[in-house]
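Before I ask anything, here is the structure I am working with.
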Amino acid sequence: MPTRLRHLVPRSLSLVLAAVLAVLVVGGVLTATAGSAGAAEPTCVRPQPRTDDTIHILGCLTDSRTTPPKAVPDASISVESEDGDVVGTDTTDQTGIFDIALPGTSTDNIGETYVVKIARDSLPKGTKLRNPKQEALRVTLNLDSDRFVTFPIGDIPQGTSLGTRALQLAVGGLVFSLLLAMAALGLSMIFGTTGLTNFAHGELITFGAIVAYGVDRLPGDIRVFGTNVTMVVSVLVAVVASVAFGWLQDKGLWRPLRHRGTGIIAAMIVSIGFSVFLRNVFQYFAGADNHNYSQWTNPKPWSLGPVDITPKDFGVLVTAVVVLVAVTLAVQRTRIGKATRAVADNPALAASSGINVDRVISVVWSVGAGLAGLSGVLLGMTQGFDYQLGFKILLLVFAATILGGLGNIWGALVGSLIIGIFIEVSTLFIPAELKFVGALVVLILVLLVRPQGLLGRAERVG
Amino acid sequence: MTHAASTSDPSPVPAGATAEPEGIDRSEHLAAAEGAILRADDLVAGYFPGVNILNNADLYCREGELVGIIGPNGAGKSTLLKALFGLVKIHTGAVSLNGEDITNKRADALVTKGIGFVPQTNNVFPSLTIQENLEMGVFQRPKSFRKQFDFVGDLFPPLMERRDQRAGSLSGGERQMVAMGRALMMEPSVLLLDEPSAGLSPVMQDEVFVQTRKINKAGVSVIMVEQNARRCLQICDRGYVLDHGRNAYTASGSDLANDPKVIELYLGTLAQK
Amino acid sequence: SGGSSDSDSDSSSQKSSSSDAAASVKKDGKLVVGSLLPQTGDLAFLGPPEFAGVQTAVDDINDAGGVLGKPVTQIKADSGDGTPDIAGAQVDKLLAGNADVVLGAAASGVSLSVINKITDAGRVEFSPANTSPAFDDAKTDPHSLYFRTAPSDVLQGAVLANTILEDGKQNVAILARQDSYGELLAKQVEKGIEDGGGTVATKVLYSADAQNFTAEVNKVAATKPDAIALIAFNETTKIIPAMVSKGIGPAAQQIYFVDGNTADYSKDFPKGTLKGVKATYPGAELKADFKARLLKTDSSLKDFTYGPESYDATVLTALAAVAAKSDSPTDFNKEIINVSEGGEKCTTYKQCADLLADGTDIDYDGVSGPVDLGKTGSPTKATIGIFQYGADNNYTNLKYVTGAI
Amino acid sequence: MPDNQSAAPRDALSGPAGLADVPHEPGAAKPDPIVVADDVRRRFGGLTAVDVKHVEIQRGAITALIGPNGAGKTTFFNLLTGFDKPQSGSWSFNGRSLAGVSAYKVARMGMIRTFQLTKVLAKLTVIENMRMGATGQRGERFLSALLQTWRGQENDVTTKADALLERFLLLKKREDFAGELSGGQRKLLEMARALMADPELVMLDEPMAGVNPALKQSLLGHVKSLRDEGRTVLFVEHDMDMVRDISDWVIVMAQGQVIAEGPPLSVMSDSRVIDAYLGSHHDQDLSDDTVAERIEAEAEDEIDAEHSAATGGTHKEVSA
Amino acid sequence: MDWGNIIAGSLQQGLGPTAVIYALAAIGLNVTFGYTGLLNFGQAGFMAIGGYALASFVTTWGLPFWLGIVAGLFFTVVLAFLLGIPTLRLRADYLAIVTIAAAEIIRQTLGSVTLLDYFGGQDGLNNFQTTFRNLNPFPGGLDLGFVSWSRYDFWLLFSGWVLVLLGCLGVFLLMRAPWGRVLKGIREDENAVRSLGKNVYAYKLQSLIIGGLFGAVAGFYIALQHSNMNPSWVATDTTFFAYTVLLLGGAARVLGPVVGSIVFWFLITFLDLIFSALTRGDDPFMPTWLMDGQQASLMRLIFMGLALMLLMIYRPQGIFGDRKELAIDAR
């Protein structure tokens, strides 16, 4: 079995890496281009700037029922002082512009209030003010520059329908939840095997993002046959580094702790310390700023029916699915899945059965950290990252894991999907800033009904 | 029979009491242990530094021998087995298997060398099913699973019936069967059993003893700790009485079972009524 | 400056009749300025010019002989803007160091979180960058110990709204950071746009510690606005990519930035990302010689935002101490407004201090503008610059607009 | 059904003597039952672990509950004491229905149980474990804890605890943490602790499993003295020597049901019990190889019997 | 380097109001976690409730200060019930996550734009401390020569330490009593305690309430010390720090939290001052390529993380704890 185990790592890793590579290359090549609309007749051609010290009231009338909006000529506008004296009038020109000079210098006018009126009957047939009551605007001047006003014509563009928005949000949520799932799977595996509630898991996520950033920031692009593959290489390096980091972490920290017989609560507190430590070390080296990667920061979205999805998100989605399926199958198909559960239940007994406990745990740490790191880079690709990337979503990762049932692989996936999609879609009904709150409330409600999580199992007393 | 130590304390006192055997003569052990398949010499071991549970314990088991260990609660019987199996740190002393030093070796390495162990408590994987528990028994040789599984299934039919039930939900006795079954799966050459019959129904207890004997007859050396002392001594070739972390008496099973001192201190008279 | 032996005499202003008095700090002859400016956090990119402004001013003051015959000393602290839990402890550090004035914080939200602490301790808080209109509310500053050289966002809001309308945008979405600054600036922009006849398609306030902004951006995109005003700090680098992937990035939409996010993004985004984005921030055109002096203090400066305001705040404090002949904050707080307006104009510390020595009433005109502070301790007049981003993701000036508040 | 009140006279009908005329059949009515259970049924998935039609436990007597592994004895204990909830059924203690009553309330009523897998409070000392067992402690209420009005009572509790520890040979371990005890010592501590509550009914789940035989013997006397004090004892045990020695009455469970009842000797000679549980050679010496062989030869049949008894008609597997 | 100032500054924090806050919070955790074994990671939530109740009662609703205090305590009890009823039956690690989640729910909700008018959003609430300031019986600050506290801080820390000592006395009395014994029993095995006729649930709830009340008082002091109440004072890290304080002193020891808090804040400030001294000035001791002032401010947290780890590894029982007790396998 030791050989079996030893083979499992490279095998599942190479599978994962190949998948990442394939998808990222495809994603990179598919970067879409969007044409711009042809030019229309000129609208709102503004008069030449003046150098005198006067204030004008200007505006441009357009009919926004067409795209692009059409200029509305020949509408008459007047400006009255607060007492009702007309101080100037104008009619809009061919491009829709009106321009009324105010008497006096700018200093005279600061603090003055004027009323700008539009003559409704001077509007062309069929045009209506957007807000019929808004025929006069009171403007108080507090700037020494020209003052612009507008009289919108035509309805406000129809917003996107609720259903479409829900769909769009769900797709966004799906991408997020898959990334969450990778992190949660890692967390769940580590918990499942060692019983450690690892509060430093968030930092494993950040670690991936930061390593990739380091590679990305190396001077020059990495090119293969002329294609810029900097990001692909960065992702691969990040995953490998994360695996190594997980392995080292286990070897250097957690294994000695286990051998000293440190309890699970003490270990949990150690992980808190480690989390604080790592987070600040990350900040030490990467600063506190938000970062984006050099490639694919701003991909234009594809429109698939009502749903917009960028090639990047699509790539991330496919990568995540492939990786999740690969890892889950690897865990299910091999005896290591059972070995991890055996180790989780009772390490001493597992050893008594001939399982090399330390090696199983090493593998789990490596794979778990690799998953976390990968989810970190991909998260960084989709939304940018800073040194708190992992810390800020850690609670969601936990929520996902627990919702599904701690230590249960399928639970982690199910929990992530629920949490990730719920977070996005719920913003239709609750304020966006409370979206995490909503997900956490769901977590608590579920635990009320099923204290052991959705796929967890109750324990026997006595 | 050998009175390795003379003790004057009449009460059957668990650990911590005053009756401490003194001045053990180790010469006999040294002479007899020569060529034993498993031997432990002068073990001092414990759970915390500074607190020793085993105090110069000796033990040997010859090839094909069935050795029983009895003794009061807290005497260190389980600790001795765990120390042999690398689960408790040995401070001084040595354990060797077939002449090879295995002191403080990792348990899984010892499994590879052919030692099997059934702990007294926590001896199943609660979240694995019965079948998976048994699979763990042949973790290092998955190929032999089918054959061994049939063998163990014959031994404990209820396990076959419930093979997909999680061990955590089993009754105490059912767990014991799983634990025993797991160890038998690995076809060990030396088998360490810690109270294998505890919690089993009488018929199952008999079955365990008979099977242990049978396995032993087939060439497996067995060291078993039992509180079902009389039964244990009935089947074993040689027995040890452990007290205060060292062996107080050692002799053949039947000699021990009939020694009035042992009866008074350790066996009681209940079963004879 | 003050030790810790406070006395309870009510030396503060008329405003505080209902509440208790601030502690008063004994004068000790040494003016200590504490700077509470962003070294970390969402505004860290604006820290360097501000620190440079304060440092340059301190150097100038000390070159001119210091205050009350002693050199001014400076203690630095981090306002960690965007994460207010840093500022509290840092203020403790400044107070313990007997700082007479706390220059900062940069973010209005952070200033609000420490204002009671600073002013209750009888020290002056003087911010070079707070623009939230909240500070003009007497309730916010019961002891009259708060001042600023940055103009209230009443002005920036009006300029931004006017700029948006000037560009012919009629239906505008506002995406703003939820804090005193973002909220109230958004409100001013909204008001300006509605006053000018336009409509606000949606106003979305986000919580700055959100992990991502997809939901907020989706909400904005769903209303299909003509233009988007983005009132944010450094989280801009997260929001812009999210907007681009929703199809409402700078290439598809006119986007407006404000003082909180007008910065050099050439390192953050691929070329051309921000092309066409317009931005506003308070401050008159930076004079070349002052820019050179800031660069001398800190050669790595890239942005200069609020550097001049920081300079002016420091100089005004020093002048007020000179005028009050006391380094006790509860003495010189009454002079800060006086030296900023009404009287003989002067433009350097030395010039002004000399005039004060002659007993002349002065009006300090600083590098950031005329800095005439009104009753509430805020500028009554100020200049707002309007800028535009080029393909290099850096901004250039379009024009300056001056207005009264 | 319970027709008695706790105030009912207990003289002749109560205790072991009252069992004399009770018929030796499952579900037999006792003259003075302390516990009565009716139609208690507990299923786990497809497996019916407990399905007790009717059972009564005689007050003041020692009753043994025996049965093959997995017969449902522990589960029945859990149900009676509120640690688990049955799908259906009613059961009462001293005439008071216990359905839906939570575990701690059951214990307060005077029905204290121990666990098959010991549950000592590892990081409390042995004596603290013991003190915890006492009921009605003033100092366990928040206010009197704060106001320190519990001193006197605590002394009484401690005296009693020491006496019990002495009897259970644990006095030497008084100040040690319970987590440092060996498996057998833990059993002892748990039993002693249960007695701290002066329970009317003590329910012991395999109290002697793993206890050294010599010590076991001395403890039996103690259990008997509980009966002499007027307490009722119900215990699960696989050690037939003990069952025979101390029990007044034996109830046999198999596949969740009560299959036989009666005094020890009569039950143990019941062929069904021998088939399902004891095996016909449980008294024989195994060192005799011929016996061993015979046992081995017969083992298969017996085990088949036991296992069909244990799993019963429901052959559906419990899904994990 | 000015050692005198560094030591003085560290002492000032180690004995000052911040140490009071964390001592109070950690006493609460000591009851719930140290003695009862409930992994309550929601202490920041209780602190939020306390602080916000006080601040919003006074500032938003213009009610008296003392009513705010009473309300803070009252809502804490309510929260303990709300939190306890569903979650106290959960496994330890589930409980940890659920309580963190609850604290975050509270924090994010209180800081939300939706409730801006009541709780001030991210900026929080101001101007509620006046009554407390006016209660100050001391004529001036405390000046010990090398350290000094302003008049207000002195009042804060004096009243705070008095409360801390009263709290410790209470905990001492409780834990010596059978009541405390039951809590400790629950920590070990709640089913065993249940089988002995104790209402485990009620005890857990009492423990959570008492722990929460200490948290709420800590919350009052947070608000009063900062003269401001905003969501960032009660972030998850606050709970982590409180745990560090508790474990540093030694869990399940009466004085553990107090000593822990003093030592923690002393050390944290000490490190901070050292590193800022090392990086200060035009020609700092520490080369700028290695560490600048900004990075220096991270060093204390880096060290605190390390310290927490090393502590749990090499002295998991804290300053006061008993090594042997800790080593016992709880199972």
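Should a chain be cited, it is by its letter among A, B, C, D and E, assigned in written order, with residues numbered from 1 in that chain.
Here is the rule we use: a residue touches a chain if its C-beta (ideal position, glycine included) is under 8 Å from a C-beta of that chain, and two chains touch if they have at least 3 such contacts.
What you see is a predicted model; the values in this text were computed from it and never measured.
K.L.:
Steps needed, at minimum, to get from chain B to chain C via touching chains?
P.N.:
The distance in steps between these two chains is 2.
K.L.:
For chain C and chain D, what is the smallest step count along a path of chains that touch one another?
P.N.:
Between chain C and chain D, the shortest chain-hopping route counts 2.
K.L.:
Report the chain whose CA-based centre is farthest from the CA-based centre of chain E.
P.N.:
B
K.L.:
Of all chains present, which has the mean Cα position farthest from that of chain D?
P.N.:
Chain C.
K.L.:
Looking at mean CA positions, which chain is nearest the middle of everything shown?
P.N.:
E
K.L.:
Can you give the whole-Å distance between the Cα centres of chain A and chain D?
P.N.:
It comes to 59 Å between the two C-alpha centres.
K.L.:
Using mean C-alpha positions as chain centres, tell me how far chain B is from chain D in Å, no decimals.
P.N.:
28
K.L.:
Distance-wise, how many Å sit between the C-alpha centres of chain A and chain C, to the nearest whole number?
P.N.:
30
K.L.:
Touching at least two other chains at once: which residues of chain A meet that condition?
P.N.:
In chain A, 283, 433, 436, 457, 461-462 touch at least two other chains.
K.L.:
Got the chain D residues that touch at least 2 other chains?
P.N.:
In chain D, the residues touching two or more other chains are 74, 83, 115-117, 320.
K.L.:
Give me the residue numbers in chain C that touch at least two other chains, ranges are fine.
P.N.:
Answer for chain C, listing residues that touch two or more other chains: 40, 44, 178, 205, 207.
K.L.:
In their complex, what parts of chain C are in touch with chain A?
P.N.:
Touch residues, chain C against chain A: 40-41, 44-45, 154-155, 158-159, 162, 165-166, 168, 170-171, 178, 195-199, 201, 204-207, 209-216, 218-219, 221-224, 234-235, 237-238, 240-242, 244-247, 249, 251, 268-270, 273, 399, 401-405.
K.L.:
Looking at the complex, which residues from chain E come into contact with chain C?
P.N.:
Touch residues, chain E against chain C: 9, 12-13, 16, 18, 108, 111-113, 116, 121-124, 126-127, 129-130, 133-134, 139-143, 148-152, 225-228, 230, 232-233, 235, 293-294, 297.
K.L.:
Any idea which chain D residues touch chain B in the complex?
P.N.:
Against chain B, the touching part of chain D is residues 44, 66-75, 116-117, 169, 172-173, 176, 181-185, 187-188, 206, 209-218, 220, 238, 240-242, 245, 277-279, 281-282, 285-287, 292, 295-296, 299, 302-304, 306-307, 310-311, 315, 317-320.
K.L.:
Mind listing the chain B positions that touch chain D in their complex?
P.N.:
Residues of chain B touching chain D: 11-17, 70-75, 78, 120-121, 129, 156-158, 161-166, 169-174, 176-177, 195, 198-207, 209-210, 213-214, 227, 229-231, 233-235, 253-254, 264-271, 273.
K.L.:
Under the stated contact criterion, what part of chain B meets chain A in this complex?
P.N.:
Those in contact with chain A are residues 85-87, 106-108, 111-112, 116-117, 119, 122-128, 132, 135-137, 139-140, 142, 166, 168-169, 182, 186.
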